[in-house]
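Both complexes below contain chain A, partnered by chain B and then by chain C.
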Partner chain A sequence: MRAVKSQTLYWMAITFVLFPVLILLGIYMRSVQAGALPALEGWFYPMMTLHGVGMVGVWYVAAVACAANVLAKYAAPSPAIGRLAIAGTVVGVLLLLACVFLGRFAAGWYFLYPLPFKGEWPAWSAVVFLVSLTVLGATWLVWSLDLLRAIAARYSLGQALGWHYLAGRSDPVLPPAVLIITVSLIASVAALVAGVIMLVLFYLELATGAPNDALLMKNLIFFFGHTLVNLALYLGVALAYEVLPEYAGRPWKTNKVVVISWNAVLAIVLVAYFHHLYMDVVQPGVLLYIGQVASYASAIPAAVVTIFGALLLVYRARMRWNLASILFFLGLAGWAIGGVGAVIDSTISANVRLHNTLWVPAHFHTYMVAGLVFLVVAYFYHVCQEAAAAPERTGYQKLLATLMVLGAYGFFLMFYLSGAYSVPRRFAAYPAELAHGAIYSGIAAAFAALFLLGFVLYLVETGKRWRRALAHAS
Partner chain B sequence: MRPEPRRALVALAMLTLALAAPCAVPAAADGVSRAESRLVDRAVPDIPLRLADGRTTRLAALAGDRPLLVAFFYRRCAGVCTPLLEWVRDAVREVGGLGADYRVLALSFDDADTVADLRAQARAIGVLGSPHWSFAIAERDAVAQVAGAVDFWYRRDPATGQYDHPALVLALDRGRVVRAMLGAPGGSDRFRELVWELRGAFIPFYRVPGQTPLACIAFDPRTGATRLDWGLALLALPALAAVGAALVTFAGAGRHRRAA
Partner chain C sequence: MLRHTALLAAAALALAGAARADTAADGKVLYEQKCAACHTIGGGDRIGPDLHGVAARRPEAWLLHFITAPDKMIAAKDEVAVRLYEKYNRIIMPNLGLSEADARAVLAHIQAMTAGAVPAAAAARPSPLPQPELAAPQSAVLTTFLVLAALIVAVFGWIALSTRSPAEVDVKRAYGVRKVFFVTAAVVLVALLVATLPRAPYARADLKPDRIVHVAARQFDFVFSDEPIVRATDIGRVPTIQRLALKAGTLVEFRVTSLDVNHGFGLYGPQRQLVAQTQAMPGYVNRLVVRLAEPGQYKAFCLEYCAAGHHLMQVGLTVE
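Let's turn to the complex of A and B:
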């Protein structure tokens, strides 16, 4: 039996409460698009905003919380900063709920400038939304810096980035998870600073009336948002590097290839977001090409090396399959599958056709849900099971994993088909010429409900272990 | 509740109110833009047209598979109509793409106009014979259908014989409005942006602020040229800050490690 840090368990509880609620909002949106809830259509865009910001935020903090728990094996993150992160996140979420439910703020999770100031919602709700992001961003920035400090207390910067492996040395031993977490945290600081600059510009406009440059704001928003989502995924992958070897009975060590690939990610991830600006005529062409090349390049070091490594790890190993190892493996697969969709979308010639279609939510739902969510819930189950040492029901676990996979991929497929057939995104209701979009939406809602059922079964299985783990928490 | 959290809440509420006060200012300045944006995606009826060369066709057939720029006018107008058409002509010449990317239709809403009036108007602005410009008249009811679809109004003053009407230019694609411009000629940059959009570039249809103290990349709608601006430095700042934070954090911890 291995004790879990109580803060990790609190983060789990927050995730377990918020995720099903946010899934319900997703089902609501697809039902509205299917024409099943005409009386509630007016709430579509506020709920789209809450669903988007909520999902991105919840899974980012869940991934960082897991990374902090992994780091605790090798370093000593500050418990006080950990508590601050929980408190700041709760306050930020409450402010977000207030602006959406009381103010009907509905600028979407991208909240592209100048939309927050142009909507039909009251001015105060836009301000509360920005204050919510400020609280969340500032808290997470402090948290990221503290985790970096904890790593720095044990490793030099060169060691934490594995540069000594490039010189042929392996002392001190650097777990690949620590390497990936270091890379992700440094890039997180960049993303969060971009968010801070963007928020300062929003506040300056509010305070002085001096307008902002729309293209600069769009660049900053995607530097912040896109990079943060990418990094959450990388943190999820770090969990697989850390835990999957325990189930395979083999080590997954840092080597030159791993070091080169993840160091490359540090540079690539900061410019990949340019692929969100293909449609902006003013953005110089060279930046757009950098965006496409970086999007392609990011797939090689991170995904190919990791997927290849994971396959070698599992191949002919005496693998112990349980809910954690199954979900880790599925999570890596989902990350790769979603990545293929993302690479297609990041191709300029394809993006011209796909950009404003449901192909975009298709690929990001794939790598968020089938990638990041699977990886994080696998880790959650793993640490709870380690603490509880409860007997495992193999059949039940396979059933719930099957339900989640079927529900998730059926749900994604409806997005992909809609995108391929030119159904636009961000439409609450489809006009007659897009009636096929409503059909896909209805089927997608059913698949999402199936996924939710699987997740509820997961909660039952993990919840029991979570309670025991809490009783023995350190 | 302890005093500190209460004070923090009060401060947060005051900050919210203080920031919310000027928030309405930019939205109020965009009345015209909102009127234009209401027209976006409106379907325009496919009416029969009679052209300056005497041929008859339909609106959809005239557009073919390309976008169509539509300007409303009437020949005897002593006001905005001829300046409006000249404005369209000049902007189209500057931006380019006419014929390859889109066509222009000048549609008369005066049922007194004749085919000869159409030719005279085309000659007056120097586009007579251009294969990519069309001048057309239509039946009164048909014009009224189009006008009704896009909120274009016109009233004849019996005393002068002149029409009271706004200046409206529409960009149509596959029978729907993709952009509308209301108002007299003058601020031609917005019109040029409209033509860029017809050429396939993405231009936000809402009005974006013009005078920004910190721009990222400046765009000249006249030439399509872009120029890097100081705001771009803000995009490099996060990466520099991250590298700086990492160096400082690890250097500080390194000193502690060595001291220990």
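Let's turn to the complex of A and C:
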């Protein structure tokens, strides 16, 4: 358990270094779109690729690291595999940096086949990119499997999924966080296996020259990417289930409704990705309709069970508000608001007007930044504060949370407005017909800078505690 | 720093065994296959420079060398080649596998077209664009989102404020509220599904369009034609539609494919709003059926990221 705690602190350090850098890349992108950095426009797409892969990767590993730390209370993840996860991630990130900065690789974070082979970057950079993803994917697959092994050593599969609650039994007691982590890791393994199959198909084409099927590859990449992003968010929610009760002074236990809800999530998350292919009419129609039904269905367990449960937990509670509890609470609100944007986008008849406009980054930034990021950094602060037991400056903490909220929602709103005005995502510069996109970009860059300022203040507050926590752990 | 656009390289390989051109007519085919995705002749700069009058601006020997081996010239740091590379977003012109005879034929075509084309700078100024307007569907989407987001903020705010007066909560009553919330949410979502699924824009087998337009997407342009274009080599051989004009109210079916990577075919109306879209995928044809009721200038932009010239990939059409 001690080793896992130390590793969690190392993951925090990695996140604290990478996240501000990736935010700067986001600000750079919006500034280029605003026309403020014409000399650097040529780097837009490589930086877009780095920003996307980096953000998805950083917050996935940060969420899994937090989940591993929670699990260490109830089971015994392998410290050796934990070290392997850190090493593999560092190697993967270095390879990624090499292909982007030395090769200007720029196929985007979901690198739709066959774009990696058909861009203006050299062939070697595409190979390095694929190797980087292979290292990351293989490492995370092993890590996920080890965490599942640790759960299996303590609970049977049925117990870990809470099925005994459905039969009216509550022995053994299953913390909701363990239930959600189990569901998320099963989905994670499925997503990573799909990713491995996709990478093998890329390599086979490299080796034999035989082209792959573009529709099959699109399904594999979206199943992999969509599922990974979603389950990272669920892991963030698991942290709220685990920690928020401590601040509310009330329990948040597993019961029949929670079990049904999260078992349903497992089924829903595996088919909701079809909504990424609405504009591919050649995809069998029934799958596209399943995409909308599943996307709508995912709102029920999220809104009715988790959000309602969290609100009930906090309602008129003797709440101890500090940076952790504030960010957990805000994180759940961000998840809900981003979810509304996502459900609207998952409506086929609306998607035809929104697909690949800035409405898409609008909703995923909402639930990733104001949802997952808030939940994870809340947990980081909680862990550090628990170890450091330092006096808390309430006013300072409220100030930085306010800056982060204002900055985040300001730049989200620019995305939403741009999306409603049909401004496409992923344009380095806007043509005359879409020139209004540049105005929103400029305002968004300013709000993103405000968010960064708030996060730097967070780092000051948490960094001191992190150093003490590290000293305690070692 | 050598880079290549593998799309065009692949097209070049596909053509490797084809008969070499030595006439302006063959030069037209080669130009449309190899050059038109990035250049115009009198239509202004795109990914690369406008080629109108290029034969008068550069020595023939330099042009022949650049057309046949642009990569080598940039590697050799030819002053003009490097300047062009820097000016056009550091996108290197790929080696297209053209012979000197091919290059001469392409130049002959460019010169023939130059004689008849008006340079972009001298062409009539485009009319000013209308103010972007929020179309009804987009307006409904934005309003719905903002109202629901405000509702969530209000509920979270109310719950946060409630902690100022702590008290025990009647859990049984709360679960009753949850039941009502569940039923309401389920009914609303099912009703929305019932209302929206039949409005999915997928082409139905029984739908008879007034006009079928084939669209071939490639890095970084769209080609309209009345016949299918399924391979890069079809371009220049299948008649293409240079200026697509449709009558207002026409039910048009766009049959959209890609000759290289995934693209998006996003159709924007005169009010600069997205009216319909589909993906352009290599090896597949997506059917987009849309009635273009409002007269005016429409534009299709690529809505799926497709490499460095993505944001420049567009085509116009007119609804009269």
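A few comments on the model shown:
In this section, the second predicted complex is superposed on the first by the 468 of 474 C-alpha atoms of A that agree within 3 Å, B and C clash if a C-alpha of one lies under 4 Å from a C-alpha of the other, contacts with A are read in each partner's own complex, and residues count from 1 in each chain.
Rule of thumb we're sticking to: a residue touches a chain if its C-beta (ideal position, glycine included) is under 8 Å from a C-beta of that chain, and two chains touch if they have at least 3 such contacts.
Remember, predicted model here, so these are calculated numbers, not experimental data.
Aligning the shared chain A places chain B and chain C in steric conflict. By the touch criterion defined above, A:Asp213 reaches both chain B and chain C. When chain B and chain C are set side by side, the one touching more residues of chain A is C.
In the superposition on chain A, contact is made by A:Tyr430 with chain C only, not with chain B.
In the superposed model, A:Val281 lies in contact with both chain B and chain C.
Once the two complexes are overlaid on the shared chain, A:Ala446 sits clear of chain B and of chain C alike. Of the two partner chains placed by superposition, only chain C is touched by A:Tyr296; chain B is not. Of the two partner chains placed by the overlay, only chain C lies in contact with A:Leu354; chain B stays clear of it.
In the overlay built on the shared chain, the residue A:Ile197 is in contact with chain B alone; chain C does not reach it. With both structures placed on the common chain, the touch criterion links A:Trp124 to chain B but leaves chain C unconnected.
Contact with chain B, but none with chain C, is seen for A:Ser156 once the two complexes are overlaid on the shared chain.
When the two complexes are superposed via chain A, 95-103 is the only one of 95-103, 113-121 or 131-139 in chain B with C-alpha atoms clashing against chain C. On chain A, the surface touched by chain B in one complex and the surface touched by chain C in the other have residues 114, 117-118, 122-123, 213-215, 279-282 in common. Across the interface of their complex, chain C is touched by residues 41-42, 45, 104, 106-108, 112-115, 117-123, 213-215, 218, 257, 279-282, 285, 288-289, 292-293, 296-297, 299-300, 303-304, 308, 311-312, 314-319, 321, 329, 332-333, 336-337, 340-341, 344, 347-350, 352-357, 359, 416-417, 420-422, 424, 426-434, 436 of chain A. Listed in rising order, the residues of chain C touching chain A in the complex are 2-7, 10, 89-92, 129, 132, 134-135, 137-139, 141-142, 144-145, 148-149, 152-153, 155-156, 159-160, 162-163, 165-169, 171, 174, 178, 181-182, 185-186, 189, 192-193, 196-197, 199-203, 219, 260-262, 264, 266, 268, 272-279, 281-288, 299, 301, 303-308, 310-312, 314.
If you check the complex, the residues on chain B that touch chain A are 12, 15-27, 30, 196, 201-204, 206, 208-217, 219, 224, 226, 228-229, 231-232, 234-235, 237-239, 241-243, 245-247, 249-254, 256-257. The touching residues of chain A, when paired with chain B in their complex, are 114, 117-118, 122-124, 126-128, 130-131, 145, 148-149, 152-154, 156-157, 160, 186-187, 189-191, 193-194, 197, 201, 203, 205-216, 219-220, 223, 270, 279-284.
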